[in-house]
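Labels run A, B, C and D following the written order; every chain starts at residue 1.
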Amino acid sequence: MAGNSFGQIFKITTFGESHGEAIGVIIDGCPSNIEIDLDFIQNELDKRKPGQSKITTQRKESDTFQILSGIFEGKTTGTPIAIIIPNEDQKSKDYDHNKDTFRPSHADYTYQVKYGIRDHRGGGRSSARETAARVAAGAIAKLFLKQKGIDVLAHVSSVGNLDSPEIDFTSAEEFVTLRENNIVRCADAKTAEQMIELIDGIRKEGDTIGGKITCYIKNCPVGLGEPVFDKLHADLGKAMLSINAVHGFDYGSGFDGSTMRGSQHNDAFQSSESGKISTKTNFSGGVQGGISNGMDINMRIAFKPVATIMSNQNTVNKSGEAAEIKGKGRHDPCVVPRAVAIVEAMAALVIVDHYLRNQLYK
Amino acid sequence: MAGNSFGQIFKITTFGESHGEAIGVIIDGCPSNIEIDLDFIQNELDKRKPGQSKITTQRKESDTFQILSGIFEGKTTGTPIAIIIPNEDQKSKDYDHNKDTFRPSHADYTYQVKYGIRDHRGGGRSSARETAARVAAGAIAKLFLKQKGIDVLAHVSSVGNLDSPEIDFTSAEEFVTLRENNIVRCADAKTAEQMIELIDGIRKEGDTIGGKITCYIKNCPVGLGEPVFDKLHADLGKAMLSINAVHGFDYGSGFDGSTMRGSQHNDAFQSSESGKISTKTNFSGGVQGGISNGMDINMRIAFKPVATIMSNQNTVNKSGEAAEIKGKGRHDPCVVPRAVAIVEAMAALVIVDHYLRNQLYK
Amino acid sequence: MAGNSFGQIFKITTFGESHGEAIGVIIDGCPSNIEIDLDFIQNELDKRKPGQSKITTQRKESDTFQILSGIFEGKTTGTPIAIIIPNEDQKSKDYDHNKDTFRPSHADYTYQVKYGIRDHRGGGRSSARETAARVAAGAIAKLFLKQKGIDVLAHVSSVGNLDSPEIDFTSAEEFVTLRENNIVRCADAKTAEQMIELIDGIRKEGDTIGGKITCYIKNCPVGLGEPVFDKLHADLGKAMLSINAVHGFDYGSGFDGSTMRGSQHNDAFQSSESGKISTKTNFSGGVQGGISNGMDINMRIAFKPVATIMSNQNTVNKSGEAAEIKGKGRHDPCVVPRAVAIVEAMAALVIVDHYLRNQLYK
Amino acid sequence: MAGNSFGQIFKITTFGESHGEAIGVIIDGCPSNIEIDLDFIQNELDKRKPGQSKITTQRKESDTFQILSGIFEGKTTGTPIAIIIPNEDQKSKDYDHNKDTFRPSHADYTYQVKYGIRDHRGGGRSSARETAARVAAGAIAKLFLKQKGIDVLAHVSSVGNLDSPEIDFTSAEEFVTLRENNIVRCADAKTAEQMIELIDGIRKEGDTIGGKITCYIKNCPVGLGEPVFDKLHADLGKAMLSINAVHGFDYGSGFDGSTMRGSQHNDAFQSSESGKISTKTNFSGGVQGGISNGMDINMRIAFKPVATIMSNQNTVNKSGEAAEIKGKGRHDPCVVPRAVAIVEAMAALVIVDHYLRNQLYK
């Protein structure tokens, strides 16, 4: 009810503030007997952690996790899995400037009004640091999906006005290799180079820039998603829109589909010799009537530019008086390279949840 | 869990198939002592009902509702409000063609696989007829919001490649008058004329076309929305993506925001002489950190073209054999004029729900 | 959230007031392809309906139900099942006396304070008439359980100080035959006779009396119930305590178990030649650690005497002034004979819900 | 869904196994600006901790808690409160005997079947150690209730066949003083002495015994509880039945009420000179129609004897073969003295949750 939980069956609850003792997550509803690969989880966290390259914030956190419960002899037991990630690099003093003053396009003002109190240090609960907990939970969701042969794959498809071409790939491994070949996490090497140059320039100016991530679900079985309100793409949309800085979501033909005609857009069914049903085109984006149809699911997620910039900005303070504020601390010039891990985590959480729900009503 | 409910506090559950006895909705959690204006509810339903103009389906349903419970002497009592809308114009035979054959880009195939059974008549549960129940519930949500002075306003902002300019309006009444002046429900008269011509031509070809709706929330108090997962815009996004045929959602700077720089995008705070805090620009779209900041909320919703077209299409049948199907029945050439009422209903439901939630934790 | 829903997976929401248009229930989450026997549902409703014998209220309602959705060609489709039961015998004038005056030990006062408004006619939403909707939903739950071979069986085990001996029975059919042989629904014929005499005498005095119902679940598989908070017996307890007039619940050794020693109370495990594990005694009542262990589940539910009596009582009115009130209308001298159907319905709903939940986490 | 959460608005999720790293709880939905008294929380935990007297288990755990999030400068911020309690005295080897063998009347067998895996050490997740997390959360609930002047008070009212007389007390402080005067936590000094003697004798025999706890809510406002399924007493019942070893719950007239007549049982309303409405008697136990009526709420909770006894017992092993098991480790001869803190915690959690819910619908 207070907004810190996600999922119905495979349910996560995250907790923790940017500069508190620790952040963490409880996963309640993970099936038993899933093998837990600790290195895999750490690897996922490392993709999101700060300080990993010159185009991310230089803040340092090892983001080392501890599992407190739910695992016995390397396997899940069906009981809640509690994971904590202690906070390390807490330069709280860096944030004295926003104790009484509201940073533009941050959540300082809205939290203050909503709760009448806020932990201002590093944005407190509104900090994107919270998403590390999602990545940890998402890693466990991915371990579940691996068993089922389902792949969740995302990469940076745009930075500013630089757009990647469609990626041609034949396996999940190939896609990940292409993407991890560069620090911006775009699977097209040439675009990646341009993106890095763009971000690096913007960083030097003390400015920031937005971007887009494209995410695919491959080998998703038919039947995931519930009719009416909990359509698969609606839950994916909510998941993505809940990530800090996301301002838009579309799937399949998306916004472009609104300019098309039915005669172009309809995906004709066909069946292979083995009897497998598929569609000739995939404007539906792998989802029809809110339920997966076995084709690849694809979606795009738009991120606004990071709000913390290194220049003077006009604002007001808690008393409503005019004030000036300047970005301090260590921040990202562009959030999308680190957000790839978050997008994959959220997609994995949605797919696992609907995978389990789909066992129920037949 | 089965996907037929929406909302946490002001919770609706819809039921009913296109060609069953009735469709309807239960609203559980409506505060007591709200005055219920029956004419207002019918008027909302009339905006969505079929057969209202030459550019909508010619199917006829009066969509007359009955309230079975929850109202006493014209006011809500705090107990569940049950509303039913009997189905009238059920030409079930029109649908014999899709009993065993899957219509392209409809939900026939996915429902069949998911449940192993389906009511094929008119799409059964997957029919957009279900949205009439949402509109009835949304009307009651709007009556609640009216008491609080909050306006929910939507119009058709695009059909195909025809885009409306931004609408300049000073009151909700003015906006609604502009919009209801034409049958396509675009508040810009000149664009509306072009849209009607476009849709009418497409209708004559037996084809369909997509479009976009823009929705505003005006006079929304500060503080609505919950941190982390239940961000206000994430719940709005899910609400909109749950509407039949929606393929995309963005808010504030939206997809365009992903191409901007932080120095352009940040919304500087300012305070009026009376001490009211606002922002100079509104790229945040009225929501910061997932919580409303008192500025106008705005969002755009993209609809794909209607899947039922009046020409032969290739598909497969239940046995996986190749088949041909032709659209029969009476269908909409473009769904957005009727969907304005649905978008407003879903937005109203989200705002009421978060309005009530915001009373809880302070 | 407003208290009108029950269950997590097989979720029901009831609606309706005693003297409104209709009462009813939505079942959301019923698996598809369950055959629906309409006569069976009516038969369950008939066991609860008023006017069925001299020891129940003489109010007449046929309690005929209509199914509005969710069934296609005699089977469930996985979509919401909406059932309504129109109200017929609405002598609302009978209730003018409690418009402004609070009936002792009824919900008039608490509803008035909670909501600031109430439908006083026949108790409105607080009337036990609401339980007819539960019985209809419970009938569908029973049809599901029948497929699985699970029996839910209840009878009247006490009226006042008259207690039935333990019932010896070998089949569900035998138990139901014994119980339905008499109008008080006690499976022991001799006790039944005494109970009927007792109730009839109390009825003539214009008074009422309490009683107890014992309920068994037979052939319940091992594994139903979730650890910690949603223990099977905890959900059964909540289900029973939610029935009007219930003041107590225990299971297995129950209240008597609190006087026993561990050495007496522990249920030793044993295994049959075929390898089936059971326990020698069953003080655990079929549930260990909140999870069914395959033994018979048993529980007892205590009902207070009906609050409406045919004599003058002191009370206060809405203004807090002293007033006198006299029971009018047509009421039950003892609620347990009609409540057997409600207890079975609630037990069936809990078992189905946990049956479905138990498919999830392994 | 997996059973580890409780509450709708003030929602707790507990995690952790008896012999894992730590147990703990997330409280999601605690209102902001509640002052947190750390000593008070520790004091509540100390009442439940093992090793506190000769009649409890001699196992030693300091049960020292850490708060990881949700508190800023001594006050709640409205964000999730994470509390962990590290496990200290983990003599896991003590539990080798139940790795493959099922302890009678424990959850070993049911967990093994349900999940296909279990952490056998000390009962793992099924251990009553989990309740320490509830007590920590309950302490914060109590701090909230204190601000509202609501008292939650429990004591041991029976051990075996020894029953305490009704306690006469005029203030919460007096009650707590009477209760904490003795190690069995019965507020009647004379009965307490007999109870201690009884338990001590049973302990020496290596046996265990059951008991009962009575709990009161004083100064509860009118209006708490939701109609139909979430009646206040139904949620209290579920809360209590979810505590390890509880086999029965009743409130108000309870099981005895089932033997009474309506003319005895009805609680006549009266109003004081100041206009305050109350009832002359309180057979309703402070709840009418599921909603609090402002009178004292009272309830009784029955605990079975602890299953671990110090003698040989017959059982079976994982292969279904006959086996013998002997209680080892350090266990409680009677659970009720330590369970008083758990009962109060659960009652406080229910009351806070319904207090917050009651703000919603009017």
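Criterion: a contact is a pair of C-beta atoms (placed from the backbone, for glycine too) under 8 Å apart; a residue touches a chain by one contact, two chains touch by 3 or more.
Bear in mind that the values here come from a model prediction, so they are computed numbers and not experimental data.
A.B. asks: Tell me which has more C-beta contacts between its two chains, B-C or A-C.
C.D. replies: B-C
A.B. asks: Farthest chain from chain C, going by the mean of C-alpha atoms per chain?
C.D. replies: Here the answer is chain A, farthest from chain C.
A.B. asks: Just how far, in Å, is the C-alpha centre of chain C from the one of chain B?
C.D. replies: That pair's centroid distance is 39 Å.
A.B. asks: In whole angstrom, how far does the Cα centroid of chain C sit from the Cα centroid of chain D?
C.D. replies: The separation of the two C-alpha centroids amounts to 26 Å.
A.B. asks: Distance from the CA centroid of chain A to that of chain C, rounded to the nearest Å?
C.D. replies: Centre separation, chain A to chain C: 46 Å.
A.B. asks: Two or more other chains touching the same residue: where does that happen in chain A?
C.D. replies: Residue numbers touching two or more other chains: 1-2, 4-5, 8-9, 14, 29, 32-33, 78-79, 114-116, 125, 227, 360-362.
A.B. asks: Spell out the part of chain A that touches chain C in their complex, as residue ranges.
C.D. replies: Interface residues on the chain A side: 1, 9, 29-33, 78-79, 227, 356, 359-362.
A.B. asks: Report the residues of chain D in contact with chain A in the complex, numbered from low to high.
C.D. replies: 1-2, 4-5, 8-9, 11, 13-17, 20-24, 26, 28-29, 32-33, 66-70, 72, 75, 77-82, 84, 114-119, 124-125
A.B. asks: Where on chain A is chain B touching in the complex?
C.D. replies: Residues of chain A touching chain B: 1-6, 8-9, 14, 102, 104-107, 109-111, 113-116, 125-126, 130, 158, 160-161, 202, 207-212, 222-223, 225-231, 233-235, 237-238, 241-242, 247-255, 257-271, 275, 277, 279-280, 283-285, 288-293, 302-309, 311, 313-316, 320-322, 357-358, 360-362.
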